[in-house]
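Which chain is which? They are A, B and C, in the order written, and residues in each are numbered from 1.
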């Protein structure tokens, strides 16, 4: 092949160059290599393509919007503060239908607190005292309710403080006051979008039957697109007892998972709900339970402010949406195939090593496989 | 090539071993193979590198912080409850500048509710009755306002209930009471960070001109970094009418997208806003509209609690930030190139198959391409 | 190799076909090629496997739940409105332990506002006037407090408005009223889950010692699993001064990062905290500071509503959790190895190009490397 300048070069470009092979009639190595090829092919087709869907581009950054609404009313009757009627505007905090919300199931009410002087609660270690020296004027009681005035009250064994008086003192009721919350219902509307694939869906049935969403109830089999749950069911699906959790409070995660294969029909892309308790009860440590305080402020006829303090125990629901979608794309397909093909080459290299160095016919094989070009004699 | 022990082995390591090629002077296969090579090269350069930026490492886990603030005042005049002045502290719920917030555009006020006994609303199916037997004592009215007392009231045809009385009864005004909310403005401050690349940016112009952010208004062309929007514009960009949505409420998603090529200058990394309606209006189903209730509690001179209940309709804004950044990285570059190169090998394999088995010169070609090493005669 | 039908074909399948090599005894090219092979091997082992952990499947979609609780009490004494006692239910907004919350550090109180007529504040540019013509009846004051009545008040130089009167007029105190907030503590409970690997962890020590979480304090070295922080420390770790930020307000991002190598023990998967200020103080622009308003509503004996307006300045804490986990998986391992192997092939191609076209022994080499099959003479 002598090239007559550029013309010849271009003609030679059109020749098909291919590796020259030697065939080693060695059945052991031959079978070994074919098995390896089958294994690689099996891996590429079986694992990468069928199980892991390696031909798909994946989108994990899901866009999501959640709206919640609770229904139910209950009456509580506490010996100290009388009757209370709790409806959704009271027991859902915040009331505006957020993704993370809290349902009151138990509470301690401390009515008619006014700014003044009173004894710190004995439950606060830093507030206890033996003499006035333990109550430094102006110091804040650590984890307490107010500012020390310098007096130690003998009657209670605690410092006098400037605080909202009287301070909260009641014991948490062992039975949840709002035990009827078990029958409240929650409606969770979730809208998702995979921006990369411009695909969006909602977890609510798109029906023309107005009353369906008023009477249905979630059921994995038959009513997957009716996102209405009984609170008691939600909690029991986490493996805990509602009444038990209602007394001290707790935290429940509702995970909505959307795993969508967008190469299939969109009806195959369905939400999957799972429920977990997020405040783990390990060794009765302080990490379990959930409560916080809020106050309602009033003014009396003389324009003096007073307040009612509520310490509420309850269940915090945290709706977490995650998901991923996959759709055929040429780039990951080629990366998956290409790296598999490259692996075939690695197998041939290994077989060559065996033939060249580890068999008694090696030197014979070497002489046939390699052709020496000795540039010294050119 | 006879090796004189290890020395010879190391010398032979420095020889360059290369495949022996046969050149098949077959123009058809030659052209086919060159075209295939061009196609693979075109794919690698054009698609993987130019379009998909396959040489970049991608970061999709964006860190983001959003602060919002609304401005505007309006006066409502309802025949039943008189004048109301709505300013941001009232119509934005919650008022503290969150990423998801609600703007009141319409409401039903039920003032001076007190705990007592009254008739359930006729709109609640479970509260209607023919006789006292329909009103089981102590039962909660499903989706209703209170607890049944056992009496059926003939005057209304509903059970008597213990509830906050009188129960809410007004019709939702067909015209939004806060129609002026169309002119309220919303300021959205968004700060983002791509932790993997230690890159951060904000959607607010960094200017020394104090007054710019007081008078500017968002405009995709000229004022991209002025994130101040008129509510009416926001809604109209979703393709809906503000006054229509204001009456029943709705949910609007504001997506801020940051697609940043960090190999370029940071000024090329700009936010892109898009606006979608999240409560789909399909067949007038219950899924459209947005409302919730909240109450304000008061105490009278005798220390008895009463409240004003508000059922508010409005627009829920849900600001979703997502984005991704890409920056040159050697690993994805090599994966992209390597798998392309491997594909070139796959093409040579296909051309070989054609030459070896599908042409009338196949056996001739086979004899030249393959050299048989027969180990039997060693 | 003549095949006797299919039988012979299958026998030939078991032969091991391997490329025939030519050995170019050219030390320069040989060394070059070996160096290249070493570089590729070094890249695959060192960079892809050791540094980037390319053999791992990665999960970036972390599921996370955050609960916060603040402790501390302080007394403020403002000359205008008297004593106030601030406890967590007052200064944390919202009070229910969310991931994004606001701590009041300074405020302006405007007590006893009633709906009525009064002068607009002179600070609002749109409210100033020379004559009644500047005050169009029914027009809203832009960025103001009410609706113009048409009168221009000479005493103040501003329009008369229908608003909650008197309008807010006080100056922000230059010293933060709640400067003691520096000593408040915040407890941050974070629970994470990597759904792909079914791995979950919390940032709170799982101890049976009840009192540990009552007295410990976060310390990167010794108390990594005690997520209790002093507010003053949090702010100082962002590089800013607490008292300075407390006066005007600000926004602090608390990033909790979980980078977990799940091939190792789960005790190696620890949270990393970092703290950044999110409202950048550039050129004293309006983007720095953080405040909002809220109101408390009261009714007097005559059932007339009045309110107290609070403009609160403070620090918004935004807890951002992100993380990624990696675990050995066969697919990325093979993609990383495969593409490296393919690269070795690319190096051989480059060495061939040099030998074939760029050396004076090229034509000799060409003749030995290539064997021409000329189909013309078949």
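Things worth noting here:
Here is the rule we use: a residue touches a chain if its C-beta (ideal position, glycine included) is under 8 Å from a C-beta of that chain, and two chains touch if they have at least 3 such contacts.
Everything numeric in this text was worked out from a predicted model, so none of it was measured.
Two copies of one chain, chain A and chain C, form a contact in which under half of the residue numbers belong to both partners. If you lay the C-alpha trace of chain A over that of chain B, the rotation comes to 120 degrees, to the nearest 5.
Rounded to whole angstrom, the centroid-to-centroid distance between chain A and chain C, based on C-alpha atoms, equals 16 Å.
Among the residues of chain B, those in touch with two or more other chains are 1, 17, 19-26, 60, 94, 298, 301, 335, 338-339, 341-342, 345, 368-372. On the chain C side of its complex with chain A, the touching residues are 1, 12-26, 60-61, 63-65, 67, 69, 71-75, 83, 85, 87-90, 94-99, 112, 180, 183, 189, 191, 195, 202, 204, 206-208, 210, 213-214, 296, 298, 301, 330-331, 334-335, 337-339, 341-342, 345, 361, 363-372. On the chain B side of its complex with chain A, the touching residues are 1-2, 17, 19-27, 29-34, 43, 47-48, 52, 54, 60, 93-94, 100, 102, 115, 140-141, 143-147, 162-164, 251, 253, 255, 257, 276, 278-280, 282-287, 290, 292-295, 297-299, 301, 303, 309, 316, 318, 320, 322, 324, 335-336, 338-343, 345-346, 348, 351-352, 355, 368-376, 378.
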